[in-house]
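Just below sit the structures, each encoded as structure tokens.
Common to both upcoming complexes is chain A, partnered first by chain B, then by chain C.
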Partner chain A sequence: MTDEVTGRFAFVARRVVSLVPLVLGILLLAMLLLSLAPGNPARNVTGPRASQGEVDKVAHQLGLDQPVWERYLHYVGKVSTGDLGTSLKTGQRVSGQIASQLPVTLSIAVLGVLIALVASVLLAIAAARRPDGIVDQAVRLIAVLGIGLPTFWVAIMAIRLIALPTGWFPVAGVGQGLLEHLRSYVLPAVVVGISTMAPMIRSLRATMIELYEAEFVLAARTLGFSGPSLVVGFQLRNAVPPLITVAAAQAGYALFGTVVVEVAFGLPGMGQGLATAASTQDFPLVQGYVIVFAVMIVLIYLFTDVINSIVDPRVRITA
Partner chain B sequence: MPRNRLAAAALAAVLATTLVACGGGTSGSASNTPVQGGTLHVLRATPFEGFDLDKETLNSTLQISQSVIEPLIRVGEDGKSLAPGIAASWSYNKSNTALTIKINPDAKFSNGKPVTADDVAFSVDRWKAGPNYGASFAGIKSVQKVDDKTVILHLAAPDTSLVAFLSWAIAGVVPKDFGGQSAADYFKSPIGAGAFKVEKWSANGDVVLAKNPDYYQPGRPYVDKVVSSFASDPNSVTLQLRSGQADMADDVLPVTASTLPKGVAHAGPEHSAQVLVMNTKVPGLADVDVRRGIGYAINFDDITKGAFKGFGTAPTGALPTNLSNWAPPSVPYFTHDVEKAKSLLAGKAPKKLQLLYSNDATSSAEAQIVQDNLAEVGITVQIKSADRSTAFGAMASGNYQMMLFSYSAISPDASDPAWFAVATHTIFTGFPVGDAVRILTDYAATDSKQAKMKAITRLQDLWTNEAPFIALANTRLIEAINNNVHGAHVAPWGIYYFDTIWKK
Partner chain C sequence: MTGYSKPGDALQLRDGRGMALARARSGRSGRLKARIGVGIVLAYVVVAITAPWLAPHDPLKQDVLNALQGSSRAHLLGTDELGRDELSRLLYGARIDLPVAALVTFLPCLIGTAIGVVCGYVGGWFDALIGRISDLLQAFPTYILMIVLVFSLGPGVRSLLIAFTLVGWVVYARLVRVEVLRIRDSGYVTAAVTAGFRAPRIIFRHVLPNTIRQTLLYLTSDLVFAVTALAAFSFLGFGIQQPTAEWGSMTAAAQPYLGVKASLTVWPGIVITVLAFGFALIGDGLQNRKGGR
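On to the complex of A and B.
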């Protein structure tokens, strides 16, 4: 095993370990904020007709009458054994609920970022060929629209203009079977792609234009490279590392952006689950979502660093 | 309310009413023969709360739950009567202190085991133990098993209201000892004697129910499956109904109803009471004249047209309407009378009040109208929105001044929502409940319809004279039903049975 590979493993291990205090910190912050929220989760659990005595009894049973730090320590103890608790309202296991929603959210987010990556590469290449030309202006307009148009509106338009008249995609929900699942995810993923691709287009376009004047590209041109071989082999290859960093940030955004998309498309994902759990003050569920989202975001950045070190020889990661 | 806003509201109301079929909540032609098979796709506006009966509060949850864990008694198709179900018949003794129930001999749980008196006795104990609904069944002193198919509920005091409460979804019949499971495990995957059994469920996702082949009603249910999907976004509701992806949608907002194809939105009779609750513990609102003055300041026409788009009428009392034994107050209920309001408020009106409401389009419009109305009598109202749960939490803990709320029945008896108001300390206003409890006890003690209606009038008078809350409108709940769906008999409070529905 080379030193480089060993160093990379050590780096990954160190980052995974550093994930623990980070997630614990985020969890503490989330629990503090939840404890400051108005309302009474125990009342939500027991119902409107219950007497105050019954509500207090349930609050005690659920540990909701304990100070935040005590609840935090108790919860961390449980999480360390893999137990994320049970939903206050439905009694279902939090881990089970999140596990059933995770594939929906991940599918939309991953497909959305892939769509955004492909579209941004194609559009940025087209735009960078003639800076300030018609195509470039059009691509810049697309990027501005991608940032400016509300995701919710784009989702409704996609349903009204594509799903409804053509019948190619379901208007909402997830169908049965793999093919139906994929069919259900296409439009939501396109919407996530549209809402996340703008920064990628802008970043890649700028880098491509800058690289066009770079010495190594000029040298390649004098050596006879032109067209796709020049663009892909020299410009794009060197423009990829900054694109990966931007794409990672957008992937994080896409994860949270799925909240809106899931509501618009009626998809039972984590975004919609988190929104409902927060609105019903289902603390164990909210805490479970916070942990899973935090871990996913940290893993995205870890993955990005590793990929960057592979595609860009100048980047060295060591423990 | 500014004139242009009122004009727009009136136009919206006219448009909405022309788009809506007023079928009294019933769809389909009675002459058509039901067709077996198919899947019924229903959209629910709220998350599913699970099958733990005592924790169920939302209509969509109650509806799903009762189709799996069916209660003893059903609500009649007219939405105003009770009908036999698992209880084939019932009768009170002369003093109304014992209720004999005969169990339908064909009633079976979805695992094929018959429903017995032991199951009913166990179920009653469960209902009584519930922190939320338990008090409603506390009057059942004991359950006597006469034979396998007969029980007698012995009551602590005469209670003719009880039969209505036995039709509540939360009074579902569960197998004795949960069939050997723990309560938690049972409610995760319950076995009931309802028309459907649970295939899968989640709070935010689909609840999938499959036909129970052992259901006691011959030929029912008609559809093979029911899929209830959570659709919190009104746009999505419209689009799913238009595309045919959904067959029905529960609890449709008035603004959504006007976007649906002709004949799809079915408004039930006026029922749900939209109320302005006032915290009587707040110094400014402790004075009955102030509360009554606020009542006379409300422009009820603005509320019904502006906020409810014509899907409601001005209130004629404090209680939800279109219920068995409902009666109006003997004193006139509040009407828009600014001069009377000003004279009641003179020298006592608080300068500023805060109005809390849950952040949906209807409540927002209602809050703005109340704000405008109270400004006319010199009260500045600061309106504050919160999500439903937070707003409810603030109200339940008494941490509010005024709040918009709605309450309705879950069975066809006028005492049902009245007991809800009492159980919630007259909907969390802190108003003393002693008089109301005495009136409702008198109501429960008699089996005379006339005497029951007299009791309801006394209660209406109490809540009109003391005004712990002001009813703003009696609204019509809207159910969206696509034209291929038949046999949906929606009760005034918005709940119906899946087993009577069939699709063409």
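On to the complex of A and C.
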């Protein structure tokens, strides 16, 4: 038992350590890419009519007169203490602004992925009962249609067809209090769920059908297992690791979906923030969003590996 | 399949229905699906080519006094928020969304395939370097990377193309590399090498044709993604900008008028969905024909 625990701990620790160079690489890439941006960020602060001297002064304050590698080291140092710089437009701390928006984005993305998981499990089980049957055909159609539906459009249609006529959900923005918060997240989360569920349905359906013919399931069936105890206890249980992997791969898409949905619903989350920061050329802010989003994805991958290592102990040995 | 029979073969537990029958059926429905998909995409191609003749009005001509009009004889689908003819804008949108989606899919595919062939066939330090770079790129959240790139390069087709290419080549390179490694050690390639054929001939005549199936399958799913993602970028304001008739930016521009004239946001979405559905059907059909599920 202790071996089991230390083994798991060592596995997680190894994974965490391997993430450090990855995060450093992401930071470097983000800075390099953003330094390609057209226009002088310093001129962006001072306005078009400022003199060259003023622009140079601001550029010096922002550290833009240093070479990229020096800025990178400086930035890494600052980020490691939790300082993401200050916004060019508002002068507020980037970390503060992102921290206030993070709960909105996380709630929608997590709720959305949960909705997608539940929907895909139900639909895939229904479809796998009789491959090529009428239910299976319908589910496959949903899966094919699902990947082609533009998220922003589903969001607007949800506003038009559900939020506006019923008045159950706010059309834009967030209300006060926990219950009001949840109420304004339901519809956006459903939209994110719809936009992410198709690959999960496909993958889970395929695994469930494959597993129905697997030898251990045949053995269970010959032993008299049938119905839910067979489907859930034998098939679904073994279909979980690949489903989690697909769901994790979809996490990036779920975050992008959240960005789009926040803009469509006018929700004060990181997606809305990123879109605004990008349109106002506020590059420290954009940089901050990029890093936080990237770290979120990296953490999701880590989380997936850990979950998989718990569900399927073989992962620990091969990884 | 292995040579020995599995318990299931003897027991025939599969509800009495043979696998062969199911395979044949899925093969036939695969062909049908692919045909419908090709039909849809071809229809869009025809619209894109003939838009100047099909469209009743100039898609950019504003008529603010007649904005947000309902359907009429002059404007079949009414007018948008600036009084432009909605039908003409939808038709002209095919000239933007379709070729740009194709471009942002095919360019990464070509570049990725070329890199994958070199990695798989030649190997060495180049393979190792590309492996490192693709690891880093794959760990980077795709969409966020694309937003950063489009932000850095400014909105427009050129930025979208660069962003999609820088992000998209990785999968093709990996796919082709693995296939090339598999094929390189097969009998017919060894035979071709022994026969004294030069590397380019072996690659183009013997190796590449055998990797195309996998690549094609991924390409179609990539096209589905490109159609919706392009529109999404334009919706966010990072992609193709107004006044160009593009379905994503049309939706964004019409959203404030959702309560007044919702059809302005409904139509572009339907047009995008049907095109994406067409590509998805082709991909699904190819997958079925391959015998996969």
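Note that the second predicted complex is superposed on the first by the 310 of 319 C-alpha atoms of A that agree within 3 Å, B and C clash if a C-alpha of one lies under 4 Å from a C-alpha of the other, contacts with A are read in each partner's own complex, and residues count from 1 in each chain.
Here, a contact is a pair of C-beta atoms (placed from the backbone, for glycine too) under 8 Å apart; a residue touches a chain by one contact, two chains touch by 3 or more.
These figures come from a predicted structure and were not determined experimentally.
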Mind checking chain B and chain C on superposed chain A, clash or fit? clash
When the two structures are overlaid on chain A, which partner does A:A220 contact: first (chain B), second (chain C), both, or neither? neither
Between chain B and chain C, whom does A:L230 touch in the aligned arrangement: first, second, both, or neither? neither
Name the contact category of A:V58: first (chain B only), second (chain C only), both, or neither. first
Please work out whether A:F256 is in contact with chain B alone, chain C alone, both, or neither, and reply first, second, both or neither. second
Based on the superposed arrangement, let me know which partner A:V286 touches: chain B (first), chain C (second), both, or neither? second
One more residue to check, A:Q92. First (chain B), second (chain C), both or neither? first
Touching A:A264 in the superposition: chain B (first), chain C (second), both, neither? both
Residues of chain A touched, compared between chain B and chain C (which is higher): C
Which partner does A:A50 reach: the first (chain B), the second (chain C), both, or neither? first
Go through the superposed model and pick first if A:L24 touches only chain B, second if only chain C, both, or neither. neither
Footprint overlap on chain A, comparing chain B with chain C: 37-38, 156, 159-160, 164, 263-264, 279
With touch defined as at the start, can you tell me which chain A residues reach chain B in the complex? 37-40, 43-51, 54-55, 57-58, 87, 89-92, 97, 100-101, 156, 159-160, 163-164, 167, 170-173, 263-266, 268, 272-273, 276, 279-281
Going by the contact rule at the top, pick out the chain B residues touching chain A in the complex. 47-50, 52, 54-55, 57, 131-133, 135-136, 184, 187-188, 202-206, 229-233, 235-236, 239-240, 242-243, 245, 386-390, 392-394, 396-397, 399, 420, 423-424
Show me the residue ranges of chain C that touch chain A in the complex, using the header's touch definition. 6-8, 11, 13-15, 22, 25-26, 136, 139-145, 147-149, 151-154, 221, 224-225, 227-228, 231-232, 235-238, 248, 251-252, 255, 258-259, 262, 265-266, 268-269, 272-273, 275-277, 279-281, 284, 293
For the complex, which residues does chain A have touching chain C? 22, 25-26, 29-30, 33-34, 36-38, 130-132, 140, 144-145, 147-154, 156-157, 159-160, 164, 205-206, 209-210, 213, 215, 218, 221-222, 252-253, 255-256, 259-260, 263-264, 274-275, 278-279, 286, 289-290, 293-294, 296-298, 301
